[in-house]
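After this come two complexes, each holding chain A, first together with chain B and then together with chain C.
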Partner chain A sequence: MKLRSRLPGTEKLKREKIYVIFLFLGLVLVAFVFITLGNMLYRQTEDFPALIDAATNLVVLKAIGISISMAMASTLIAFFFGVPLAYFLARKDFPGKSIIEGIVDIPLMIPHVIAGIALYGVFMRYGVIGAPLKRLGIVITDAYLGIVIAMLFMCLPYLIDTARAGFKEVDPRLENVARSLGASHWRTFREITFPLAFPSILSGAILSWGRAISEFSAVLILAYHPISAPILIYEKFTSFGLAASRPISVLLISICLVIFILLRMLQKGRK
Partner chain B sequence: MIEVRNLSKDWKKFSLKDINIEIKKNEYFVVLGPTGAGKTLLLEIIAGFYFPDRGEVRIAGQEVTNLPPEKRRIGFIYQDYSLFPHFSVEENIEFGLKLRKSASPDTNRKKLKEIMDWLGIAHLAHRYPATLSGGEQQKVAIARAIAIKPSILLLDEPLAALDLRTKDYLREELKRVKEELGITMVHVTHDQTEAMVLADRIAVMMKGRIMQVGTPYEIFNKPQDEEIADFVGVENILSGVVRNNENGVAEIEVDFCRNIFAVSDYRAGAVKLFVRPEDIILSESQGESSAKNVMKGRIEALDDIGPLTRVKIDNSLVALITKQSRESMGLQKGEEVYATFKATSVHVVR
Partner chain C sequence: MERRKIVVLGTLIAITAIVCVTAAAFYASIVGTEQAKTVKVFHAGSLAVPLAEAESQFEALNPNIDVQRESIGSISAVRQITDVGKNGEVLASADYTLIPSMMYPEYADWYVRFATNDIVLAYNPELSMYADEITPENWYEILRRDGVIFAFSNPNLDPCGYRALMVLQLAELHYGDEQIFDDLILDNTGITITKEGEGTYLIKTPEDQKPNTEKVDIRPKSVELVAFVEEGGLDYAFEYRSVAVQHNLAFVDLPEQIDLSKVEYADFYKKVKLETVDRNTKTGKPIVYGITVPKNAQNPELGLEFVRFVIGDAGQEIFADRGQTPIVPAVGSGNLPEELKSLVYVESAKPKPTPTPSPEPTSTSTSTPTPKTPGL
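Our next item is the complex of A and B:
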């Protein structure tokens, strides 16, 4: 036996070689994210008063509030229309299904600026949808509704795709059995399918919500005002530089992280 | 009780072709067939999970072809038990009970307890399906299905994923369900033993068609054609020509050995002969047997299968004997033996 193989753990490492290599490759990305965000948070601790200023500034708080609440609104809309679609796509095969799936995923592919321009074309005062809404007294551009619509467009694939995968994992035979026991299709969905797919749907909702908060370009074009957090941060950055924009950024991601962690815990708790 | 008429359906890679069966009340009916024959699809159509392309399903004289499953009151049990993973055992069994508006919570509790006691699963009440063994899960699935007092219970390979002992035990439980509760059972399986032990009648299904319906004896001893014979374990399938027939005993010429005698009406022409391997007796000397057919041959192979030994003889016969008789005769490969079988053991078809 060679000497080096007697070293404790060497044999095990050899057996798991592929995992070791893959782990090191993957760690490059983990470090990339960690260093970027960690650096920002760390730098901010050197300028703590600026963070306090941001956290007590009404304009900043309002912008963050808008981002979080509008993101929630768009996620709820995506949920209301997207969960039924996800269930349908998970259960039914039909010609042209991949076309619908493709359309749902378009927002993942196209540059957000382009999405913003497209949305503006439709929802502006003279747009296909904007014009009739205007006649009803509803204005989308530069309004809360505009923020929600821009966010909705960008976040809906996340919710639909994740929910569809969740529904797919629920064995249709469970639904069959529930119905043989006397439950209607609605009741089966409510008591069996939806609860079993819920962890995935919640994951999708969290992803969708996070995506909506971070939406910048599409919101910028459709509704620069009322000013939401990413736009405020960008404005500060272009006008006053890094030192002015960083505290708001740190504040926003801290709040988001706390909500994100709480939701994750809720999800784990349910499992 | 259940009538399926001219039913056809194409679904994914399965298709059912012109199925006609009639299942009697309180009958234990087994649909036997190889994997991919469309057995499960047939069961799911009877339950109402899928609708046929053509044909109809009648239950207790009423047409139910387009009735949704929740209106049919048919219990359904799948091979993988399909328990609701987010419900405890108790909640699983209660699911169907709660859906019936007439019953009060008190009577439901009583029924629940009764059923759990009857199947011996009361101690599992608060456990979740993921923590149960396969046998326990299947008992819960049975409890859940019979809780709604169905008149029909459909079982899709209910024992296929269980170990032998549990299988034997649950087989008895299924018999008990049929006998004590008077439920009509339709059981789908590819397992011949299961079919033989449980069935009042068997339908053999292959490639989407019902090939033969009959009692276990008829199916296993008098298969209608070569394909069925082969599937139900008739290992001796021979071709021959009827040369003579005296008083219902045909003398049939086969190419590899002396003529075979069989009880048959056929007077002339080419036929197929089926002899089950367990109907062939082996002996070391010709002896004094009343059996009409005696053939000498050399042992080509001896394979142990469970408590039995499969003996292949060079005259192309296969015999199934107990391990005990193999040992007492001291059978060895290459040895010469006499294979004997009765004229009544030979099933002749055109």
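Our next item is the complex of A and C:
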């Protein structure tokens, strides 16, 4: 008793030793990300006028706007089709389930250029899906739709995997109780399961939105135009060098960081 | 424990073996270079494919000579010799005028024009729309048709792109159809053109070219377009002949008057100029390759030997096979060495072979006083 009251700090440290060690190990990775991006942001402060130029340049703003809005569109599509699939995968066991799970995760594994080439082959005007769409007057390649499709392909595993984990955490007994009290399956899903899994689903949606914004290679092949932010940055880098591409990168990172933090705060507020 | 020892021992043996092999290879390479005489070749990137083949054939004929190629941009290649001070036996440039303008008289006093390239309209015979109808006379009509998508590379990033735009404007003058550039470029992109005095034109390519992608596509490099034409996503793409030939694409062979291949039409080509977004003005001119032996060569006689090979029968065949049309016979200019005179047609002795006043003909920088952040 006496000892503890005399040295509360040390004692606490001893008790939580594992946390201290793990914190330091983890900080290596945090520092890795922080130094990389911090260095870029810091170096941009030396050339502040260029950042202002970028922030007032219509081409740049349009590209960033395209990236953010197309990523939202692809996340919404992933949400609409992905949440039902995630619920199904969380609740049902059936032969061949691992095959479906594997297919969903393929976009995580293949190099993005390959994804772009594959998507182009399917969605170009003579492709399996592109040809019938073209007859309806819908063009995918080098169009807004192309950006959404390339992003959707790359981001859907993040949403589905996270949402499935969220649904798994919801105790099926809760659903059973609700149903035994007379709620329909639909109502149970709407009022019990979905709200309980929502934090995970939201988290998955944020991840998938972030992944969609950052997609470069697949978009490059499927829809170089209209020019989205990563493509503009790459074009600037190859033709004018780092100094020209950095302000746009810094602007994109800053905007995305603000949106990310806001979304995370929203998520916490809900909890 | 025993097992661990074996692993350690094995690793040690492996490391020793690697060190020995590396050392032996290193030693062999030193001894090798001491025996073989080297011919150092600085050349433009677009000559990499034919010169690689020329190198292997030349080395097979001359086992004691080692050809070492360095592939960089034409201007950088010249600067390797004039500014960096490297010794080279051969310099081959994608723009022959660089030799007299940047190397005369200190680093070279002759050159040979030995091959040309030109702009063609590449397509896919099976998938490109109206591919069975297209000819050198009607290609611009076909590009105008509904549903046809054509492409060129970004003029701000790739010389093939600005050359394609020059070809389209030259086509207006050549075919006497004032709407070609308007219909194909002005109506579908943010690129502009203004008529200057004396029948010359200035094309300006903004940063955001806003292509109407249902009609025209613009990608950074012309070689990227090849894949899209092969897949059928694009109908027609402006390419160098060498690229089309090396990728086995079919192409429309555009008339000499507009395809930027002939020195004879240099006065016509230069009617079109183009200003890129970073305010560089390019003038239309023939794509003619030049070669010389710099004065600072350590083995000039070997350099001449390689030049003779490149412009000789075997070299001509190599270049013809790869779409870089050889000039037969090659045209020599300046104070030509005796060994070459039998192989080339000697240009009439003018005091200066090319009347190019600018020091850097490929990209004459008209740097404006207002500093503009590149690309922003």
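Miscellaneous remarks
Operating definition for what follows: the second predicted complex is superposed on the first by the 246 of 271 C-alpha atoms of A that agree within 3 Å, B and C clash if a C-alpha of one lies under 4 Å from a C-alpha of the other, contacts with A are read in each partner's own complex, and residues count from 1 in each chain.
Keep in mind that, in the parts below, a residue touches a chain if its C-beta (ideal position, glycine included) is under 8 Å from a C-beta of that chain, and two chains touch if they have at least 3 such contacts.
Predicted model only: the values in this text are computed from it and were never measured.
Legend: residue contacts after superposition of the two complexes on their common chain; A:209 is shown touching neither chain B nor chain C.
In the superposition on chain A, no contact is made by A:87 with either chain B or chain C. Of the two partner chains placed by superposition, only chain B is touched by A:187; chain C is not.
When the shared chain is aligned, chain C comes close enough to touch A:125, but chain B does not. Among chain B and chain C, the chain that touches a larger number of residues in chain A is C. Legend: residue contacts after superposition of the two complexes on their common chain; A:141 is shown touching chain C, with no touch to chain B.
Contacts of A:57 after superposition on the shared chain: chain C is touched, whereas chain B is not.
When both complexes are overlaid on chain A, the residue A:240 reaches chain C alone and has no touch with chain B.
In the superposition on chain A, A:167 contacts neither chain B nor chain C.
Contacts of A:79 after superposition on the shared chain: neither chain B nor chain C is touched. Considering their complex, residues 127, 154, 156-157, 207-208, 211, 213-214, 217-220, 231-233, 278, 373-376 of chain C touch chain A.
Across the interface of their complex, chain C is touched by residues 50, 53-54, 57, 59-60, 120-121, 124-126, 139, 141-143, 224-227, 235-236, 238-241, 243-244, 247 of chain A.
Taken in their complex, chain B has these residues touching chain A: 44, 47-49, 68-70, 72-76, 78, 80, 82, 84-86, 95-96, 99-100, 144-145, 147-148.
By the touch criterion given at the top, residues 171, 173-174, 176-185, 187, 191-192, 195-196 of chain A touch chain B in their complex.
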